[in-house]
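Each in structure tokens, the structures are laid out below.
Two complexes follow with chain A in common, the first pairing it with chain B and the second with chain C.
And then the complex of A and B:
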């Protein structure tokens, strides 16, 4: 049966395309990681060579771990990312539930208004945001970053989640209402578990830009004790001299936590992406 | 006075009127079926009774108390849904016991109530399973069990058999009828299937476009329909509608059930056989006629009629119904 719908030529073509894409996508990561283990001279002599024993050098990592409070930066990035993620998912899901579940005046307009945020980059409002944070005394705090990232992540979260929430059976929610569950109980115990794949999708798409962001940490929280990892890595990039070993080592280290978070969400993510397609 | 009373209930979604003034009384212990084509508002009406939708106008009385502003959970009713709507994360026992738990009933009492309901529906062996591990028929029995456990004043069924296959549908139908006899509870049942309505109901409410067309016992509706819509909706195969004029009969339209139309020599209607359905116990003959269109004749037992042969028909005048141009019955 399977043979009727697949041909070897097509399988090869599909795999060739996918493999090419994978190589292109992974190449920068590969170069970064490989070169982080090499001496400075070897990096420039042959950037694509693997770290063979003769130019294997951990100088990048030792520099990174000695200079500055690198674990502190890590911790800051973790706190900002996880807290923002939590608030984006919580408020995004709640808003999506309200938009998809309740009929009220302005429902459609509200949905469009929230979706508008996807199209307008939050960075356009940087000056205003900075003024608000200064007025609120939040400059150089992680709270400032968490607030901005939550606002940044919400539009997409609301948009994706409200589409998914519409697919949750009305009968199920109504059964809960008749059995005396509160709207909160219906939301948390019946609806959220059913949209978990969508939540994971939103989580990954929200998490990565936050973790990688340099703009807002630089503007809102440049102080030493609240630096994030991306900002922390910048100390090795100078106007005249750049410590490439250290930069590459820092970036390699910075990949790890996102990778872990991604692995946590990935199973659900794949289900979320294919949910409409296979079922 | 009845267990449920609706007083000129209306419902609009924006500018669309879905329910256009429904008055209804359902007596204690009665099995009442709402039947009608899809989009007639029967499910909406059920939701209004359940409290899942607010009525735009009118009053809903349960046990003589106005409940328009009472939350669904406080109306002391239970509902069985077409899609079963079991809680996927709970076992069968917890599914059935959730409403009691929410109401603050003691654990031992919940256990007793779920055990009793499980015995009634022979679900004892499934109590620790989750809904995903059950077949469709079992899921629907759990959903019914969940309703029984609450010992509600009113049971609401929203097309509960539509997702089941034919054999299971008959079995579950009989089970629901048995439960109604055993529990003696008031039940309201929504369906688009007139067979379910005929077999289960004490009282059928025929709805069309948000209005009640006729209310009565199954045989009352069958034998004494008020208009062409009810006459055509109740009974299967559908009633034949003939033009009265050419036959010299009163009114605009003459309604005659397929079993009261006979294939006869020298009958007053001529036509050609277009299709024959042999069901063993009965034979349905479809006959193309002029000017009445396609007519159905129901013959008991096996009969041979070849397609495209010419036949003549004779209606049984004593069993015919006459309707005016607007479809209203002439009595």
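And then the complex of A and C:
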């Protein structure tokens, strides 16, 4: 059977196409990281060469670390991302459990209401969000960003998690009820551990747009001490346009954390996507 | 009725946090923005003007030229994604799903990497690569003997928008690839084996058997692309600034909204017209989603295995 579907020529062609696109996908990242370790002259003279010892130079990184508060930005991004992720997962899972477990009036309507946010981007409400944050004194705080990202992440989280929670066996939950567990205990001790793979998928999908967002940090929290790393590197690069060493180093510093997180979670992400589709 | 059945408070407790945050930060601002678009500054303070802001936006030459320009650019941006990103994504997924392909996991991981990078990184990296000063792009073209084709693509009015759209395609091709890949994996082996029994293999198997089966996924990807594109802002802002140069040739609705609401250089910010633009974007996205839900999705034939 396998022989009918594959042949040597087609396999080679498949690899050729995939390698070509992989090179296209990775080339810009490669060029940036490699050149960030070179001296200014080497960047221009031979942009594609690896940073051999004779042009190896960390001047870009020293400029970046001296000029911009990148550790502060990084810390802000971490706080915002982790806190939003926590609330999205907790609130999303709770709502998803209510929608998938109980039959009550307005269940379907509530599900549709929460799913509306998947199609309508939260950015369109920016004008009024800014007014609310100004009224609440939350401009230039990380709380404002956490609130917005929690609201932004919830619709998709509820949607995906309630699909998964429908697959948790009823017998298990009823056994828990007979043993006298409260509904809260059933949710936290029985159901949550069972949907952990789905939570990981939701986490990755929620995390990437939060970490990379430029719009809300720019509008709600542009002050120096609450800048996220995405906004921080954007502003920094804007100021240092002609200092190529510093720009390339700043870009590399911004790429690395996401890349590491992605490589850690990529297996989980891919499994989550394919598992969701198989159902 | 309450006497017959006790109130199940836990349902409310489970739902409350999500519904409260979602309603307060997402739904109320959305309604607030739509409401604000019906007001404007008049001779005696802010007053209700009905749909006058929209009439200005669509008809007054000072506004409508920018609006239709942004809308047209946005449509072109979307068209390029549909014509380039989605076919490439589908093709890569089809190749990746070849049975017994070695290193498939590596390719999948690598091709998805641009998608996780922020717009700031993507915009600046490509700006540097395409920069005539640095010379990576002309140098690479020289290698294949096509140096004469090089132009400062991001700086020319006629190329800038297309170039940016292609950069965005480069970044996001991983999403259709992943979703289609998942859909292709979910086609049962029996169907494919039956096709092979009938002598349908290779490319004709893809066109005749797999493609019809993954059409619903292609529909979902199209609508996701649509919503994403008509909401885009970051890449243009990072690469060309809020003015979306050269000469507004890369201005799309997101940058137009940002400029109008927050102002730039000599123009003052205008929350009322800004809300009107957000309202128009809301209408466009809603229209697109409705066309998809009622016009396309209901006609797609689904197969159950």
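Simple rule for what comes next: the second predicted complex is superposed on the first by the 212 of 279 C-alpha atoms of A that agree within 3 Å, B and C clash if a C-alpha of one lies under 4 Å from a C-alpha of the other, contacts with A are read in each partner's own complex, and residues count from 1 in each chain.
Heads up, the rule we're going with is that contacts are C-beta pairs under 8 Å (C-beta built on N, C-alpha and C of every residue); 3 or more make two chains touch, one makes a residue touch a chain.
Worth saying up front: this structure is predicted, and the values here are computed from it rather than measured.
Novice: Once the structures are superposed on A, label A:174 by its partner contacts, choosing first (chain B), second (chain C), both or neither.
Specialist: first
Novice: Just checking: does A:61 make contact with chain B only, chain C only, both, or neither of them? Give me first, second, both or neither.
Specialist: Touch partners of A:61: none, neither chain B nor chain C.
Novice: Go through the superposed model and pick first if A:254 touches only chain B, second if only chain C, both, or neither.
Specialist: second
Novice: Identify the partner contact of A:193: answer first if only chain B is touched, second if only chain C is, both if each is, neither if none is.
Specialist: Only chain B is touched by A:193; chain C is not.
Novice: Which of the two, chain B or chain C, is in touch with more residues of chain A?
Specialist: For chain A, the partner with the higher number of touched residues is C.
Novice: Pick one for A:70: touches chain B only (first), chain C only (second), both, or neither.
Specialist: In the superposition, A:70 contacts neither chain B nor chain C.
Novice: Pick out the shared contact residues on chain A: the ones touching chain B in one complex and chain C in the other.
Specialist: None.
Novice: Quick one: which bits of chain B touch chain A in the complex? Just the residue numbers, please.
Specialist: Those in contact with chain A are residues 47, 50-52, 71-74, 77-79, 81-89, 98-99, 102-103, 146, 158.
Novice: List the residues on chain A that touch chain C in their complex, please.
Specialist: Chain A reaches chain C through residues 1-2, 4-6, 10-11, 14-15, 17-19, 21-22, 24-26, 28-29, 31-32, 43-44, 47-48, 87, 90-92, 94-95, 97-99, 102, 104, 110, 114, 116-117, 119-129, 131-132, 147-148, 150-152, 154-155, 158, 182-184, 187, 208, 211-215, 219, 230, 233-234, 237, 244, 247-248, 251, 254-255, 258-259, 262-263, 266, 270, 273-274, 276-278.
Novice: Which bits of chain C are touching chain A when the two form their complex?
Specialist: 8, 10-11, 13-15, 17-19, 21-22, 24-33, 36, 88, 91-92, 95-96, 98-103, 105-122, 124-126, 128-129, 134-136, 139, 170, 173-174, 178-179, 181-183, 185-186, 192-193, 196, 201-202, 217, 223, 227, 231, 233-234, 237-238, 254, 261-262, 271, 274-275, 278, 281-282, 285-286, 289
Novice: Residue numbers of chain A touching chain B in their complex, please.
Specialist: Against chain B, the touching part of chain A is residues 169, 171-172, 174-181, 189-190, 193-194.
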